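Multiple structures are listed underneath, in structure tokens.
In what comes next, chain A is part of two complexes: it sits with chain B in the first one and with chain C in the second one.
The block that comes next holds the complex of A and B.
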């Protein structure tokens, strides 16, 4: 056990080397006044601003709002993506009917939808949730489809030999076998949602972490901008980490070392 | 005594369509298997022996002729026919216990648990109930697969080269185990193999198939008493007899008798 722990600490420590060096580097060039102090903020000042914003509760309020948008959009988009992906993976006909449209739509850069979405939904919450849902939909759709489509025929034959119903086939064979792919979809969808909430808030919002960044820039308070960026990055990373932990606990059956 | 299956394969032919045209895989196969018999089908790769087995399981359809189990024509897969594949095909996300219990239908949880436990013990995997397939060796995986195929008390068990991927010693050990399970369950077994030693050790009858198109070349009864002794002269002569069908026997310069 202690061996595993020290291994883990080592892994984390190695990942911290570059960020720490970067912070030191920026701190030094600020100290030496090599760049204008309004544009590049020394990291310690960002930390101070972060603590101030935390103290007033401002930051957590912005964060809470952004997170609730992400969750709403992610749940909506990812579940639609999951359902659509499952349906078109199971039925060749439905795949033929909707696949061309879906792949054409997925080619449009997400930010290209903003004008239309604003026109349809205004600049309120609906717009943001729909925009995020759009982003979560496609990665979930594609990975669900690929996952179910890629289930080995040999597993399906076992199910046939045991006379599984379609429901049992889906629940006991296809979805469990597709789980690694489903997780990739969830991770990509959540990552995309988190990116898009900031995007949506940069475009039109009165609160949220993205808004904080815009607001900081308008006030020319770059420390606030950096706090926003740092928070977005760290939260995104934490989400990824949480999902990974959840994934590996759910998939203990996965071969520790892939041999196939 | 539970019901065991008699199988009749009558004039069965099967063609696969490919881009180059039709491939004749099986040609006019006739075979009858008595209740509780152990039959092996031996042949070179590509002789259609696996296809024949898949037809009997019901995983392949669209063939000419009739396959009857206890007098009734087959219609797709059914729980009265169990199958063990060449690759064990255990679901990697389920424990041994769950894999074995997977196919059980129409039982209460308590009954299910008992059936699973009995079959895990039958194949000698007691203590590995909670293991995942990646934690098992090849032989153990095939044991679990055999247990899984037997939970619904099929009348007939079909085995598609189940021991092909195992090392020689494990394979010989599994022959004994398979014979024990066959006796205990008093079930009809049909096994596809290309291992003549395996065929002679286990079978009541050996069905030799020739390739392209797959035809039934010869049915060789194996009248040796069980358990069989691999070192005995009878066993060796039986093997020679099968190998003769493949032109692989040793030419004898003279015959002698004692």
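The block that comes next holds the complex of A and C.
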């Protein structure tokens, strides 16, 4: 046991070498004023700015707003994706009717929807939520569809032998068997939502972490920009970790899928 | 005969939803059910298309976007390929670089845009933005490809006393190539998504995204729709070509599978 522990510490230590060297390097070139101070700023200043923004409560307010947007868009988009995916996986006819339209829509690069959605909904909350929902919809749809399609025929035959009703078949056989794929969909959809909220806040917002980054840029304050980048990175990662933990506790029989 | 009939109904079913939407759209704009400036009729969109075709702005902007994507894609995927190979070949570098690579990867891509604007490299900042997105999938897939080169192949190489260089070119590179190709396909479609984002976040360089963004300001919904259809088509064409390429090289993968 202690052997494994020291091995782990060693891996972490090696992983920290590059970041630490990088921080020292940037600190040194900033001290020696080798680069314009507006473009490269010393890392300790970013930490100070982070603490300041935390103290004034500004950061948590921006974070709260972004998170509520993500949740609204994600829940809307992912649940629609889940329902559509289930329906078209169960009925061949509905697949034939809906699939061509959906695959045409999915060809549009997501950011291309921004101009059209702003024209329709203005630059308010509706635009952001719908935009995020768009991004969450497709990964959830595809993974739900593939998950249910990939359920082994033998499972369905067993259910049929026990004369399961179709509701029971869906709830007891198809969805549990498709759970790993559903989780992949949820992870991709949430990652996409988080990316799109930042994108939406860059173009049209007065608050939120994406706006914080733009605001820093407008003030020409690199430290605020970097705080924003670090915060969105960390939160995205935390979301992913939370989902992974949840997934492995829910499905002890299955190893968490490596996505993102 | 029967098969043909079934196919005909399939085609009809596939056309049902798009046709319904199209007719509803046409009728709604004809009888002014919906505000015309927000829901332009199909003929408006066609007229708008002719307009931008005639004054040359359509192909001018499309050309800029495509060249921009190719630059970003080439830069990003080459870098990604080299990083992927390096990390796959050396366990030490893998431990050294992977943690910081993963940390950077957690940041949602749009968040980098304001930083790149601040650094103000002009066209280069747009290309770098695309290159960042293009790099990740190639790194991950190439790395996986190199890591999953079969041990027996390496042993055969060792038996024939291949030099390290020969091992790399004759064994590692060919057997990891299909995985790299998958990475390249993902990378190209991400690049195309990001070029639209880059042109919206970092304006004043032209491009189809910027055209749509400008049309939004003038409330020219017909041209926004033209833009959406155009980017969807180009995106589809790129994806299609990459899939064909992937299939072209898949005889490689099939022989690998059969030998297993």
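By our rule, the second predicted complex is superposed on the first by the 221 of 260 C-alpha atoms of A that agree within 3 Å, B and C clash if a C-alpha of one lies under 4 Å from a C-alpha of the other, contacts with A are read in each partner's own complex, and residues count from 1 in each chain.
Throughout what follows, a residue touches a chain if its C-beta (ideal position, glycine included) is under 8 Å from a C-beta of that chain, and two chains touch if they have at least 3 such contacts.
Note that this is a predicted model, so its numbers are computed, not measured.
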Exercise. Looking at the overlay, does A:155 come into contact with chain B only (first), chain C only (second), both, or neither?
Worked result: first
For this session: Mind working out whether A:241 is in touch with chain B, chain C, both or neither, as first, second, both or neither?
Result: neither
For this session: On the superposed three-chain arrangement, identify whether chain B or chain C touches more chain A residues.
Result: C
For this session: Determine, under the contact definition given at the top, whether A:172 touches first (chain B), second (chain C), both, or neither.
Result: first
Exercise. Touching A:219, do we find chain B (first), chain C (second), both, or neither?
Worked result: neither
Exercise. Of the two partner chains, chain B (first) and chain C (second), which one does A:118 touch, if any: first, second, both, or neither?
Worked result: second
Exercise. Given the touch rule stated above, what does A:35 touch, chain B (first), chain C (second), both, or neither?
Worked result: neither
Problem set entry | Touched partner set for A:54, first chain B, second chain C, both or neither | neither
Exercise. Of the two partner chains, chain B (first) and chain C (second), which one does A:20 touch, if any: first, second, both, or neither?
Worked result: neither
For this session: Take the contacts of chain A with chain B and those with chain C, and give the residues found in both.
Result: none
Problem set entry | Sites on chain A touched by chain B in the complex | 154-155, 157-158, 160-163, 172-173, 176-177, 179, 251-256
Exercise. Which residues of chain C touch chain A in their complex?
Worked result: 10, 13-18, 21, 38, 92, 95-100, 103-104, 106-115, 117-119, 192-197, 200-201, 209, 212-213, 215-216, 219, 221, 224-225, 227-228, 231-233, 235-236, 239
Problem set entry | List of chain A residues in touch with chain C within their complex | 11, 14-19, 22, 38-39, 93, 96-101, 104, 107-116, 118-120, 194-196, 198-199, 202-203, 210, 213-214, 216-217, 220, 222, 225-226, 228-230, 232-234, 236-237, 240
Seminar exercise, completed: Interface with chain A, chain B side, in the complex: residues 57-59, 77-79, 81-83, 85, 87, 89, 91-94, 102-103, 105, 132-134, 152
